[in-house]
Structure formats: C-alpha cells, structure tokens
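What follows is a pair of complexes built around subunit A, which joins subunit B in one and subunit C in the other.
And then the complex of A and B:
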C-alpha cells in the first residue's frame, strides 16, 4: 500500500513538475496527462473507483483533448516556437500562491470530519447510488443551474459557428 | 474469479495461490485475446477476399492459416525507421499508448460466468473512460512524425473520436438505466430470461445500433477510417511508422475492435448468458462459448461493413454523429423513461417504439435536404 502510494505520488509530482518546466507546449500537455493519470490512480488506490473513472473520462478524455484542440488551432502546432524561460520570470510568485493554497487546503481537510471516514469509497455499489441520490435531492438546484448554463454555452457556440458560415 | 479460486483453493501454499489467482486471469485473457487478434486478421482477409471475389491468403499453412505468424515475423525483422525531424520520445510512446488502453478494457469484460479479471463496481464507466485515452496516442503519433499527412490524419482522428464518444456514452446510459448498475456483471445478470437481452427491446435495439456504429467509428474501422484514408492522406497518423511499431498500431486497432465488441456483447447481447450457461459443472465452458459466439457475430458484422461500404466524407462523418446519432440517443433515453414508467409491458413497448420511430422519421426528414443535386454536364447532351 505504502509502496504503491509513494510510486504513484512520485509519478504525479513528476508529471506536474514537467508540465510547468518543459518548453514544448505539446510535451507540457502530455506531462499534464501523466499528472491526471497519477491523480486517477490515487482515487483508485483509495477505492473511490467512480471518481477515478470520472477523472480519466473528464480530465484525459475531455480537458486534455480540449487543450489539444486549442493547440491544433494555433499556427504554432509543432510547439517549437516561443523561447520563454523554462519557468518564466515571476516563478516565485506562482510558488507562493501554490504554497498558500496547499497550506489552506491542508488545514481544512484535516479539520473536516470526512477524514475520519477514510477510506470512504470502500462500500461496494453504494457510492455511485449515494452520489446520484444527493444530486437529485439536496443538490438539485445547483445541478439544474449548471445544466442551464451548459445548454446556454452550447447554444452560444452553435450561434457563433452559424454567423461565421453566413459571412463566407 | 470464483471458478479459479475454487480450483486452486487448498492445493498450494497461500502466497503461491494468491499469486496464481492474480496472474492467471491476466495470462488467460492476454493469451486468448491475442490468439483471437491473430485469427481475426486472417478471418478478415479471407472474408474480404470472398466479398471481392478472390481467395485471400492461401500460401502459408493450410488455407493460409499461418499468415498472421508470417506477418508478425516479417514486421519484427523489418528495419525500424524514425524520421530525422521526429520527436523521438513521443514517436516511441505513441504505439505503446495505442495498445495499452485496448488491453485495459479487457479487465472489466466478463468473458464467462464467474470469470472477470477485475469486477469493478463501475466497470462499464471504466471501459468507456479508458477507451477514450486512445485518442491521445493517435494525436501523439501524428504530431511526433512531423509529417503533414500524419498531422492531417491525427486531426481527423481526434475530431472523429471526440464526436462519436458523446452518442456512445448516451447510448450506454440506457443500459445503465435498465440494469440499475454500472458493474459489467450486474448488467449481464440483468438480462436473464427469455427475450431478456437488451437488444430485444425497442430502446435496446436503437441503443445497440448507435453503440455499434460509434464503436466502429471510435476504433476507425472502414466506413469511418478517415484517420488512415490511404487514397487521400497516404496512411494517416502512422505514415512514418515501420516495422514493429506499425504492427503495434495494427494490433491496437484490432484489439480495440475486439474489446469494444466485448463491451457491446456485455451491454446489449446478454454477455455470457445463453441456454446452458448455468449448468453446474460445465457452465463456465458453455457461457464462455456463448460469449465468444456473440463476439464472433459482432466481428463478422465489422468485417462485412468494411467489405461493403465506401468511406464517408469528413463532413458526412461529423454531421452524422452530431445531427442524427446524438439526438436519437437523447430521444432513446426518453423512450427508456417511457418504458420504465409504463403500467405494463405492452404499453411500454408501444410507447417507446412510437417515440423512437417518430424521432427517427423526423431526424431523417430534417437531414434529408443536405444531399447533393444531380450533377449536370454542360458539354454532354
């Protein structure tokens, strides 16, 4: 357990570090995917299978592909142009923000009563059912608002695409 | 897993038993599916030969049965060429990454009664999630080759896989609603009884067709093989690959086709269920037979489609996914709800069938205007 955790953590941290230090944009993206995979592995390790699968489905299947599309639509598709320094000038600023965030999260996670219930995902089918029930009972208003927002975004995208076509 | 557990229980020391229990399914699954992969290449070439009125491979071994071995040896001994401008690391990683997700999906496919490598309680979700990772490998291959044809193929491939993923997941939702479970064993067990297979119900039939089409598009089988269209972009994303790396791409594609077929069988065709699959002693054998027979049907459908249909254009491909498959799969969920809340079976059948038929007719009507007008030639009277 400990060995697996340490290996996974090493992979995750390595991926995160590479994602911010590599110079080629596509390499950065691939490192980011490695990082996402590491996080998914952590979820599986904690028996939160649902979260692990969703992490792969959303972050690798959707977010990474979205970034991929963004890169493919730019002229700099080979990713070799642009000679920025490996970490940028104000890297200490970023480190400070990250450290503050991580510290704050550490404090709040330790205070949370969820920690005492670890490993939370260990109940067989219960977790997915529980999440589903909560989504349509206690959290139904945020869920619906999110759905409306996404639909609006979708319609907006279609409208933008249609106008482009008319101009041609 | 229970079958293996019973088989080795108490016959060897505990640590050895544990190791065998973990390793045996992996070895069995890899061995069986790699054999199927080798056979599939032979069956495909034979069947395509028959469709095109020729004999197919018939030189190596009886009726050309050793052709896959010869092919493998040939590809192994070929020179591995990496373009000078290529991104070496990514170029190397891409073929590996094509094969890995294809095999990982096998972990959640129940091949026989009581035999599934890992019984995750979110099995189907895991399969769908992992199979999406192949799109990255496709892009990596095209991008790292530094070749315009490769990059074009990769861009086509990414657009195609992303588009077809949406209706595929939507079609799977219906099955999850009916089974009330995300576990692949749970889904199979929910299809017990005469006519219990999900494909025998109106929403199941529609879901099956959508899922099958999307699975074919996802692994770039022929009617949807734009990422590797030979006549337009040489060979697409694997133009710059040779030798064993090229073989790995082929293997990834075929194994992905087989595993997606396995998921289709599990979700719509009753998986390992069939007459005799519950017999006390030989049940596991009979159920495995049923699973592979159904898998064979799906594989033959794939080959048949490849031999019969021409390749679609890229706008037809994307339009088909977004304008027909996606709305139809959304309506299918509504039909499933009608089925679920119907007072009895007959009303459920009627309601869901009517909803789906109306949706299909309307969708075809709306999209019908986009076909080309008859071409007129000016100088030919």
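And then the complex of A and C:
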C-alpha cells in the first residue's frame, strides 16, 4: 500500500464525513473544499494533471463560491441552520441504507477479478496538448453540445433565480 | 505507485455512500446539494481510476471525465438557483417543508 494514497484517502474521507455531519453550513462548505482538494490530489497521483487542475479551478474556484453565495442568500435568520433528521426521528435509516450500499460495493469489488490489477503505466509528456487536439477533432460535437448546455444552464439559473422578483 | 485497482474502487464506493447518507439525512436543501456534489465527485474519481488502470495509451477517459465535470458544474448552478427560488417562495430551505405536491 502506498503512503501517499493512504494519506490522500484519509483526507478525502474525513472531508466528506465532516461535510455531511457538521451543523454549521459554512463549516460544511470548508470540509467540502477539503474533500475537493483530496480528490484533486488523487487526480495528480494518477498522473491526470490536467483533470486535477480542472478540479481545483471548477470545484474549489467556482462551485464552492457558488454554494457560499447560496448559503449567504438563503440564511434562515430565525431557525437553526444545518441539522439532520429529514426522516424525522429515523435518520439512522438513511445511515443504514448508505452503510449497506458501502458494504455491498466493497464485497463485490473484492470478488471482482479486476481487484488486483496494477496501473497500465504513465502516459508520455504533453497530455494537455493531446487532450486539446482530441477536443477539437474527435470530440468536437460533444464539446459544442457542452457549450450549449453550459449557456442554457447559465441563462436558466439566472431566469429561475429572478423569477419571483419580476412578479412583484 | 502500486496500489491495486480494488482499493481505489472501494474508496469511490465509500465516498459515494457518504454522499448518499448526507443526501438522505440532511434537512437543509443546500446541504443536500453538497452531498450530491460528493456523490458526483466519487463517480468522476471512478472514471479517472478506470482510465488510469485500463487505458491503452488513449486519453478518451480523461476527456469523458472532463465532460462529466462540466455537466456537474451546470447541475450545481441550476440546483442552487432552484434553492434560491424555493427560498423566495417558502422563506425556508428545509426540504421537509417542501410538500405542496403531497396528496
């Protein structure tokens, strides 16, 4: 077992656990940023440098700030923020479902013949250049669809968030 | 650099389960969205893991993970806009109070 892998996994799991258990939403967000950093570290460890940079730019740079704005815009002044118990007193039911899922997945992964497979090997230098070439040659149609989707999501987010304002 | 594939898959599964647990048990809609982000990231981690272990010199797996990240970003933008719209309507982001469609 690799020391770097174990450390990164511990950071990632700790961040995820804190993000779903802390009561203060801003603290949850900070734990979520720790989780995103751990995932980016895993990407760097797997020699996917470009994806690691994208992960930091998009998730920590954009999504985390977006969530922070949403927290600030919807802060419930009177009630407590955060908290659990969507299922009433039976929040342990959700925990049991998640634990069953995790256990089942670990069991089936252990049974698979892929379990002991080792990495294929590092790719050569200049991966970013290759990805850029792929995006404008083989994957140009998905790239354009993604551009349309992001534009639609941008306009849609603005329209949805402003809807009630217009009616007043 | 010799971690077998199974450990990465188990890490992805455990992270997904943590996100699912949060999505099922949290009350605040923003916290539910954060849990969904955790589940998304676990899935993207699995994409990259399978690329790293099974690629034959091809970069298609990385491109696919890139598209998945873009879709997740669009999803979170629309989701948070919806949370803000719901907050304007109900003055609350508690998912227990969004029950207008309950018969």
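The definition used in the following text is that the second predicted complex is superposed on the first by the 100 of 168 C-alpha atoms of A that agree within 3 Å, B and C clash if a C-alpha of one lies under 4 Å from a C-alpha of the other, contacts with A are read in each partner's own complex, and residues count from 1 in each chain.
Please note the rule applied: contacts are C-beta pairs under 8 Å (C-beta built on N, C-alpha and C of every residue); 3 or more make two chains touch, one makes a residue touch a chain.
Computed from a predicted model, the values in this text were never measured in an experiment.
Within the superposed three-chain model, A:148 lies out of touch with both subunit B and subunit C [touch as defined at top]. When subunit A is checked against subunit B and against subunit C, the one touching more of its residues turns out to be C. When the two structures are aligned on the shared chain, A:97 is found in touch with subunit C, with no touch to subunit B. Once chain A of one complex is fitted onto chain A of the other, the partner contacts of A:30 are limited to subunit B, with no touch recorded for subunit C.
With both structures placed on the common chain, the touch criterion links A:10 to neither subunit B nor subunit C.
When the two complexes are overlaid on their common chain A, residue A:54 makes contact with subunit B and with subunit C alike. After overlaying the two complexes on the shared chain, residue contacts for A:134 are found with subunit C alone; subunit B is out of touch.
Across the superposed pair, subunit B and subunit C both touch subunit A at residues 50, 54, 69.
Within the complex formed with subunit A, the residues of subunit B that make contact are 87, 90, 120-122, 125-126, 128-130, 132-133, 135-136, 139-140, 143, 146, 151, 155, 158, 162, 165, 181-183, 186.
Contacts from subunit C toward subunit A in the complex involve residues 1-7, 9-11, 13-22, 24-28, 30-35, 37-38, 41, 44-45, 48-49, 51-57, 59-60, 62-63, 65-67, 69-78, 80-85, 87-89, 92-96. Of all residues in subunit A, only 1-2, 5, 9, 12-13, 16-17, 19-21, 25, 28-29, 32, 35-36, 39, 42-43, 46-48, 50-51, 54-55, 58-59, 62-63, 66-67, 69-71, 73-74, 76, 79, 81-87, 91, 93-95, 97-99, 101-102, 105-106, 109-110, 112, 114-120, 123, 127, 130-131, 134-135, 139, 142, 146, 149-150, 152-154, 156-158, 160-161, 163-165 touch subunit C in the complex they form. Contacts from subunit A toward subunit B in the complex involve residues 24, 26-27, 30, 33, 49-50, 53-54, 56-57, 60-61, 64-65, 68-69, 72, 77-78, 124-125, 128.
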